[in-house]
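Next up: the structures, one after another.
Both complexes shown next keep subunit A, but they swap its partner, so subunit B is in the first and subunit C is in the second.
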Partner chain A sequence: MSRLASPSGAVDAVLTPPGRGIRGFASSFRRRRVGIPERVALVAIVIITVALPFAPLLAPYGSTAVAGAPFTPPGIDHLLGTDSQGRDVFSRVLVGLGASWFGAIAVIAFGVVLGSIIGLIAGFAGGIVDTVLMRLTDAALALPATLVALVVVAALGPSLQNTLIAVAVTWWPWYARIVRGQTRAIMTMPHVDAARLGGFSRTRIALVHVLPGSIGTVLIAASLDVGAVLLVLATLSFIGLGSPSPAAEIGSMTADGLTYLLTAPWVALAPATALFVLALLANFAGDGLRELAE
Partner chain B sequence: MVRAVAVRLASLVGVLLLLAIAVFLIQRLLPADPVRAVLGRNASPDEIAARRSELGFDDPLPVQLVRFLGDLLSGDLGTSLRTRSPVSADIAAYLPATLELVFVATVIALLGGLIVGVLSARGGWLSGVIRVVTAAGASAPSFLLAILGILLLYRQLGLFPAGGRSSDLLATSTPTGFLLVDRLLAGDPAGWLDALHHVLLPAFVLAVGSTVAIARVLRGSLRSVDSLDFVRSARAKGFTALQVTTRHTLRNSLNPALSMTGLQVGMLLSGAVVVETVFSWPGIGAYLSASIGFSDLPAIVGVVLVLGVAYVVINFVVDMLQLVVDPRLRSA
Partner chain C sequence: MPDPSTDRIATAPSRGIDEPVCRVEDLTVDFETADGLVRALRGVSLEIGRGEILALVGESGSGKTVLSSCLLGLPPASLKTTVGGSVVVAGVDMVNGSDADRRVARRQTIGAVFQDPLTSLDPMMRIGDQVAERGATRARATAALEDCGVPEPGMRLRQWPHQLSGGLRQRVSIAAAITAGSSTPRRGPGVDTAQASAGDGVPALLIADEPTTALDVRVQAQIIALFARLRDEHGCSIVLVTHDLGVAAQIADRIAVMSAGELCEVGSTEQILRDPQHEYTKSLLAARIDINRMPVSITERSRVVAERRDDDALRLEGISKHYPKAGGRRGEIFTAVDDVSLTVPAGGSVALVGESGCGKSTLLRIAAGLTKADSGGVHVAPGSGRPQLVFQDAGSSLTPWFSIGQGIEERLRVQGVSRREAPDRARELLAQVGLDARAAGARPRALSGGQRQRAAIARALASDPRILLCDEPVSALDASHASRVLDLLDELRASLGIALLMVTHDLAVARRISDETAVMYGGRIIERSASEQLFAEPREDYTRQLIAASPSVY
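Right after this comes the complex of A and B.
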């Protein structure tokens, strides 16, 4: 007797739950199912993501170079003025935003990967493995993540890199929970039974037939978190856990500017406001993505 | 009910233990050398080795862990490298100022969240405005709000002081450490108003994020309760919109908002670090910032442990309150 189905890519494709795909997103976007602020934010975020890697080139001055007299107010030569050392605030904000933005995305990406692995294993294996992993996740959720991250950075030594590591290792439990829930739900669907009857290995079923169905939900959840991670990273830098002084970081620049807040408010105001705009765009874009997916 | 309480109590103990173990492991496994930090850069290798074994860093990790937990239970958090006094004494001195700030912020966040949540659930143009404002509030870093508060309300309008707890910089707070309580006890109404005047701006800045979070949750649950049959019946009987909101929907929507408030009190405690730094508020947040500048690991760990325990315990208390408010949860 021949086997009912041979494990092939074509069968995988048939047995994978239907996703909306890029085309679905594009048509939702065109059909205006998404509000105006969200649409603007989505477009802006795409532009920002493409442009910010070139921030050092776009900046009119070097981010750590002395570019003029200290405390020059905002004007034509220096769009956002200069700081106490005469460095160009606009250039520093651009470079700092780039570091924040890609730092936040890296943290989220790490959290999604780690959370997905844990959630997929827990949901797919079930039984004792599930119980242990989910208890661990619950416990990690109950701990104040920012505070744990704070101790990690303090022990590793203050720097942007260490801040990213510290936040990344505390930012996965929600994603694990989401993927685990999705995995449990997808496991009951007929296509998974079919795949099992088709003789596929457990690993292949987990990765090819179950994971793709749950990854959408976790990516939407993750996109809603980018704004929050931006703020956490900047806050840790603000209280002194970022890279030491000349480095252009939004949080530490704002903290340095506090000293001159009443005489040269732009030094603190510019980086803080820029971060606010970026976080606002990220939050609206996350909402937009969620609306597109619904 | 007993079972539900027991389960939550057990998980509380488990989470507290996990917090302590996590902090212990971070301290011991990461490269920071506590002995070198105490003795300074010029200590000889012999000195360091002698001090290491004296402080017990040569013992096996499990032995060190048990000693660490024992010290914690007896309230010993080690000695600060910066102030050279016991960390627990430092924290005890700074904690009341933080609690006072967080308490006022919680009141603001709860009242503000209730009002904003109810208004935004009612629909109309106001809810559109509120939606934009809350989205902005959720995206604003607290240091931006603090800076704007100082620039607008202190420098431009002169409505609030820029920082500190009191106009009298040398004012001490005895016996409780809570200035608002102490001045009331001392029968000093002018001083009480001065203290209130100083706490309002930092507390408001601190409360913005939590107000938004509470309002959003309340709005969601008001909306879902609003579509239930008993609300329709109440409307059909001819109650006004205000009556239906206060008597029917609000009471049945409070539980998620209450739970969010508990979560937010924990957030306010850690958020206080930034706000205290900006407003020179003499609490454990400002103490933590100063300790970070000095790489004072014992002090940093001490503050984080206190804040972390407060966070976990507050959430436990809120859990218990929910059991009281909502009998349906008791069977779980």
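Right after this comes the complex of A and C.
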């Protein structure tokens, strides 16, 4: 699922126009160059990112505390009802989403940084360095996230942190490939020749005259991947590789709730739907960012 | 090959405009862009007579390409566009007519030829299929190719666009354009079939948008001759969109001069060139770098500098460079530069002219140290600093995310200029190349082509070079900018004693800027002498051909 979910590979070697900075983005946003769903999603994602760190404070009950009778249907006291232990589903979803959201962002950030470094070195150096680094990248790409997660969890025990490590290990190669392709393309541009004639060091040319040209593309690709990473993390948690109970995690909550799907459907459907909406918003927001960049 | 320049002006009036093929009335085109409304055409009215060649001349942004696409009934669709007025071609209104009518008109009445035949031909389609796409028979396609001077037309039918040279590709796209309507004419509801074709299945109207700009001068002359033949033998009307008055002078019956979306002046070629009425036409003619007219001051200055020189700034000795042959077998090599030796005297200027693929740009890159030669040596006079390169595409030679000032200051800092002094020094350099100090804060994309080239030159000067290598520095610029950039380079040479080595395909540019000119062909320098002598008495046949093919308005 993770492989197919990431469209990043396709944008290899496509040059983004040079960025126009924050003001350019803002003016594009105001001029309605972006579709309505994308605009709504962008605003929603900003609010979510700002609000979710405070999820434990916003939640009406503790995420692991017993808040009422088991299987209380959704109502005034419990917006999304309670689960088999009598814990408030709304509070647990809020906290779980927060963990997933920032987990996904951490995985992507790690991937972008590591991938950019490796892609830049490979693309800039060329030759044998390029070959070795890119074959390593291909090897990492061939690792299935689920299996790596199993190995990591078997070695370190189940926890959110360990699933993050497992996904991060398999996710960076996408960005390495994008940055490498961009770097190769930018290297053929006259301004790089001009920089060489300026007598600057290779490091300076790579960091100052080449890398900034690929940052836009890789960030756009990354923003489109956030939704996919959310789903992968939830999948791993669903099959029991995340934090063990009673921690609030979207995947494990859905898995637990499945047992009572017919009698208390809200226990499974609430976290699953919340995740679906968040992933959808993330994808729309990614599209919106891409449109803004164009 | 018929000489395209013979007698065209004398015959122009006799080509009667009894019934125009195309009538443009009060055409306006507005684009809505992010930066507001752009008025691309402001009330253009024009008639194109049967069997005449009308050249549409103007600088970039003048609206000439927008006008030509309106003649095809294809106003640019990428932006929000408002079109007013009418364009009637052979009875069909290409602006307000129905889609069906316009489609039939494009199929039968109008042919189009574009600047870059590589992108206008379908790379996935054989030549024969493209030429015959509008329903021509194989025999007709072969005949059209032969008509357009494609050798071995039968064999070409099976080839792909990438297997042909640029000149051949352009001939193929012309052949495809003139086989319009060669099938049984389909009657469109509003199409006047009597007017649709100029005869022999050649469309009544051919729109050619900068058809020779991407081609070498000798090939350009052949294509121009081909257009003249289409007019004379088939009575085809041709709209030739070009930025170059020289090309227009070679072939057009009438010239229409455009500026800022308006038609400044329309008149016979003779009248426009000899007796221009509009100020803009006069300035276009004055700015044109013409091989047959050199500003006296520059030739004088060249001579003065030439006498002052004593030693060589740059010496290239026995340079060779080989590449694996594209599409060749393993081990096959292509010799880009073949044992070339060349010296550039301190404070002197040498032009290296030749057609595309002759190795001149490779040689320049080797001189700049960007490409390693397989053999031979590059010797730079001690204390000259690293030679700097001025690129053809100034825009892409400037780091896009740097402001102009940042790019210059970065160079200065490497030279040891302190952080505090760098901005002032950068502004001095900008002033030296004739740019406002405000340009320091601008990104390259905010500048015009000429300003970018000045900014690139200022950046090169920041490295304090004694040698400036120029790779077609003005070929992407409009004439008015081009002549001023050349003047700037000449000034720098005179005032700072910077030696120039300039690669160019344009002999007029070479003649204008250089003391000495070297002609390159097939990786070798075949002739080299003082510019005035070379242009007055060329020794080699090839040089004579190049000079003869250079467009001139005189």
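The rule is simple: the second predicted complex is superposed on the first by the 269 of 294 C-alpha atoms of A that agree within 3 Å, B and C clash if a C-alpha of one lies under 4 Å from a C-alpha of the other, contacts with A are read in each partner's own complex, and residues count from 1 in each chain.
What we mean here is this: contacts are C-beta pairs under 8 Å (C-beta built on N, C-alpha and C of every residue); 3 or more make two chains touch, one makes a residue touch a chain.
Computed from a predicted model, the values in this text were never measured in an experiment.
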item	value
Partners on subunit A (subunit B, subunit C) - clash or fit	fit
Partner chain(s) touched by A:Phe238 [first = subunit B, second = subunit C, both, neither]	first
Subunit B versus subunit C as contact partner of A:Val152, first or second or both or neither	first
First, second, both or neither for A:Gly199, with subunit B first and subunit C second	second
Which of subunit B and subunit C A:Gly227 touches, first, second, both or neither	first
Touching partner for A:Met189 - first (subunit B), second (subunit C), both, neither	second
Chain touching more of subunit A, residue-wise (subunit B, subunit C)	B
First (subunit B), second (subunit C), both or neither touched by A:Val113	neither
Touching partner for A:Val132 - first (subunit B), second (subunit C), both, neither	neither
Subunit B versus subunit C as contact partner of A:Val46, first or second or both or neither	neither
Shortest span in Å between Cα atoms of subunit B and of subunit C, once chain A is used as the common reference	7
Contact set on subunit A toward subunit C in their complex	18-19, 27-28, 31, 33, 189-191, 193-200, 208-209, 212-213
Subunit A - residues contacting subunit B, complex	37, 138-139, 142-144, 146-148, 150-152, 154-158, 227, 231, 234-235, 238-241, 251, 254-255, 258, 261-262, 265, 268-269, 272-273, 275-276, 279-280, 282-284
Interface residues, subunit C side, partner subunit A - complex	34, 368-370, 386-389, 391, 393, 396-401, 410-411, 414, 443, 445, 456, 459-460, 463
For the subunit B and subunit A complex, residues of the former touching the latter	11, 14-15, 18-19, 22-23, 26-27, 30-32, 132, 135-136, 138-144, 147, 150-151, 155, 266, 270, 273-274, 277-278, 288-289, 292-293, 295, 297, 300-301, 304, 307-308, 311-312, 315
